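In what follows, subunit A forms one complex with subunit B and a second complex with subunit C.
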Partner chain A sequence: MITAAALQHAITAADWEALRPIIWIAGGALAVLLFDLCLPRGAHRISSVLLGVTSLVWAGGFLVRNYHTPYAAFGGAFLSDGFSVVFQGAIVLATLLSLLFVYTFEERISSAGAVALLLWAASGAMLMTGAGNLLILFLGLELLSLALYALCGMASRRAAREAALKYLLLSSMASAVMLYGMVLLFGVTGSVNFSAFLAPPPGNPLYLVALGLFYVGVAFKLGLVPFHIWMPDVFEGAPLPVTAFMSVATKAGMLAVLARIIYVATPAGLANKVLLPIWVVAALSMIIGNLAALSQSNLKRLLAYSGIGQIGYIVAAFAGATALGLRYALFYLLAYLFMTLGAFAVIAALSDQADEGARLVSYAGLAHRRPMLAAAMSFFLIGLAGLPPTVGFMGKLLLLSSVLNAGYISLAVLLIVGTAISIYAYAKIIRVMYAPMRHEVVAGAMSATWPLPWIAIAICSVAVLGLGLYPLVPSAVLPLVK
Partner chain B sequence: MTPYVSVAIYLGVATVASLAFCILPGLLAQPRPNATKEEAYECGVEPTSVVGGRFPVRFYLIAMLFVIFDVEAASFYPWAVQMHALRAFGLGEMVTFVVTLGIGYAFVWKKGGLQWR
Partner chain C sequence: MAVGELSNYVTLSAVLFFLGVAGVILRRNPLVMLMGVELMLNASNLALVAFSRAWGSMVGHIFAFLVITVAAAEAAIGLAIIVVVFHRSARVDVDDVTILKG
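And then the complex of A and B:
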């Protein structure tokens, strides 16, 4: 039994320090709700966005402080180390940029509710990045997922309701499978701590079953082939800020969990055997994700499929569990963040209350009507395709080098093949935008502009170009706190 | 594997028992239906309307809110029992919990979630 005295001694100020970024964001969500109650109706949107941005920036400040002081908080339940801080930073950044698209919400939707749920989802994802045991991992995952179920259905379109229901049913199924894997892992090793998984009892077949179920859950949440079917539908139906958030923040949280499992909770002797499914799934994602992107006529769907491929690249970088691979994976995650959210920002700049500006038709001749937006979109797409002078090229170069160094030649070949396929998919959009217009497009739906997506476009363009020229790879990621 | 033998036995007994409950009545019982037996069972109260009817969505909203605050009340009990042992820490946790829920309650109230329209 845990006595009260033990409880009081166990929790120190340093424990709260490690959790402080998350507490600020969760608290910020409460403040958003409170301000919404007190302020007049006209100020709701701006106050929600401002408060959300403020709490995220504050949290970012605390993250910078935590970066150099690794600490295993709450007896190792929450690990605040260079590794998790970088992932948390990516989540904070992605949430910040997604918040800038909140103006694309329909008027009747409570923007305070949406912003608060986004912030809570972000804090759930951040909790996952630092999870040191299965319980905290699941807590974070559920906090993230429950908020997202509600967020997906926030638009009044039919597709939004479809997305919410599909996501709820499939994702809870995946959670259940994953939970079952966790239970078996606990049964086999007698502990919920990741560190205990390093020494599984030899020859127990249940260990493999447990890992298999666990990986299925992870692959589902990451949207890796063959567990990706939900992604395009959910991405298309969900409101734009939510789609943008899901494409990066959700993935970042789960990638952190996967990386921690691969790097600190897989016994070295078994690594080649038990991690093989992960590499196979990553390879499938790179090829099938990009192939499916070829035939999409909705930009949100296309970005969903491209995201499947991109996450595949990142997972491939973990191959061989090299220290360099993790650093490069993190770098590419940041690259993916800026490129994808930049593309979403262009969609947001083009959308208004009636139309989210995601249909490929609305991009016909965009270069003539809105040359700046067309140029920005092309730049982000070139980045996603992995062409210079963008961060996408640099990131892919680093990924390839680490995969080759680890000796996974076939993965590297598939990565190149996947990239080659993806160039067609992205070039298709660029062609649509720059092709001479044959007939007048109904441009009524594409007239509204809000300043906030432009800020996101500016930030992302600078980052995509800047990081491409001066790659800053986080160095204090390793050693991971074990 | 030995600890799992008891789990396997439990699983077996549960499967056999539930199958038996489903199959045996059909074999043994002689159905003698009457009006009272056919009625839907609602805690002994006579049903006033058709049971399979449609509910307004609002019903589920209220029901969900009720469950949230019901669970809130339930989680007070362990704290109340251990209040002296947990001291300031427990009080702090509980106050955080209640304030968080309170803000949610105020939000729901202000947004008209509790109105039956």
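And then the complex of A and C:
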């Protein structure tokens, strides 16, 4: 509860220090818009991307500094601990890599507007990772969501606008459901701080209703089965950089909220009741996400379904509420980031402004036309399937060990079954790429020669291989309690 | 505030919330669906203010102001998207939005 004492809590430099990465990114968005006014036409796209990348790198530097100095800023409203810094780092990296695909926006779309909205969305997601009370959580969530509604529609294709409309209607309803859950939590406990939820008044049925509504919202935003219906449509319709951003940054913000609630705000007496639905939802996502990926003929859709499964793996590690599970889940989140954005980078390298190279038919015989790109795509898909020598294999091994460690034998079996199904889905693309060419190149989609996606492909390949051989599992990640 | 009085407010807010949910799920006009979402947000506002009074805390009031601001931004973006999607068709109906099939 915000008391008079908390309101008089003097705001010191350390408070701003904790927020500095977010301030830099949000300020970077303003700078992008300002420079867009001043610079001559023709320099817009490159200057927006450069400015965006600069502010992200700068913010990354502050994050490294904040990693070892956990601090509860603004009276515990924003918690800058190792936990949130790792999540913020993942969001910064994902935004950085997505910015490299911005040139796939159509010429008539203002790239400065798109870059600024992406940066604001990123700062919203970062705010969520450190949220210590419901107000900051809601603020971050809506900053992220509102920016994304607009970003989804930033193309003249009808599909993009449909995606924006679907995302707007479904996601804002999910936000409202989650908000009502938060309001009831406030009503039951009399406080908006996460730490107050540890001791709910006994015997109030409203507490479980509130948590239920809250978790429905979380599951929707994470795209977990059975709240995943919107994801493939929105991923297919949205412009490529936005899809890439959503596949990692949005998920990272919400995963942080889920983990913080599970680890610091779930009363021990209720843990079984609360964790059961979480592991059921994780199991459903692993199986159904991967099964649905089998029949997709659009790579963005396929990556959406694969993302549902991959997020399911991560949530499965949370379901045990063990410290090991959290560390390995964070490692797998980084693995997922590099593998998925690597795959998106290959799609971006095959895109031009008229056509995004996401249709599976345009990958037929790719190995004969663009052998490097086909090899890179195969490498990332092998990683997503969880085969060695990639970080996907190492990450999944660690996840499996943490799930077993938590005593969920059946969940571990389902994780292996889900992985086995996913191998078929990914192998289908690899087979298409390496099949002998039967017909001529499909028009479009193969001409772009921008260097930026190649930078993303290089970063992701090195990370996928390097982290697979030397797994750097973050250590100081248990969330701060305030 | 008496307990009975609080439960009246909370019941009213729950009724408004479910009316909003029904509006989003049952109606096919995106404008009305958006109004349903706004109704859900306002149900939250009512409950927030009632709880805030009951607990004698200012947080709920501040939260309600935050929600009002967000609802305004959401309505602005929502209406803009609806205009972009439907500006060439005479009818405004989500059943016409069928390129992407989930």
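Operating definition for what follows: the second predicted complex is superposed on the first by the 467 of 482 C-alpha atoms of A that agree within 3 Å, B and C clash if a C-alpha of one lies under 4 Å from a C-alpha of the other, contacts with A are read in each partner's own complex, and residues count from 1 in each chain.
Heads up, the rule we're going with is that a residue touches a chain if its C-beta (ideal position, glycine included) is under 8 Å from a C-beta of that chain, and two chains touch if they have at least 3 such contacts.
In this text, all values refer to a predicted model and were calculated from it rather than measured experimentally.
Participant: Please tell me which partner, subunit B or subunit C, touches more residues of subunit A.
Facilitator: C
Participant: Contact-wise, after the overlay, does A:Glu17 reach subunit B, subunit C, both or neither (first, second, both, neither)?
Facilitator: Neither partner.
Participant: Tell me which partner A:Leu34 touches in the superposition: subunit B (first), subunit C (second), both or neither.
Facilitator: first
Participant: Output check: A:Ser110 vs subunit B and subunit C. Expected answer is one of first, second, both, neither. What do you get?
Facilitator: Touch status of A:Ser110: first partner only.
Participant: Once chain A of both complexes is superposed, is A:Asp355 in touch with subunit B (first), subunit C (second), both, or neither?
Facilitator: A:Asp355: touches no partner chain.
Participant: Between subunit B and subunit C, which residues of subunit A are contacted by each of them?
Facilitator: The answer is residues 187 of subunit A.
Participant: Using the touch rule from the top, collect the residues of subunit A that touch subunit B in their complex.
Facilitator: It comes out as residues 3-4, 7-8, 11, 30, 33-34, 36-37, 110, 112-113, 187.
Participant: Which residues, counting only subunit A, touch subunit C once they are in their complex?
Facilitator: 1-2, 134-135, 138-139, 142, 146, 149-150, 153, 158-159, 161-166, 168-169, 172-173, 176-177, 179-180, 182-184, 186-187, 190-192, 229-230, 232-233, 236-237
Participant: In the complex of these two chains, what residues of subunit B are touching subunit A?
Facilitator: 4, 82, 85-87, 89-90, 100, 103-104, 106-107, 110-111
Participant: Report the residues of subunit C in contact with subunit A in the complex, numbered from low to high.
Facilitator: Against subunit A, the touching part of subunit C is residues 10, 17, 20-21, 24, 30, 33-34, 36-37, 40-41, 43-44, 47-48, 50-51, 54-55, 57-60, 62-63, 66-67, 70, 73-74, 77-78, 80-82, 84-85, 94, 97, 99-102.
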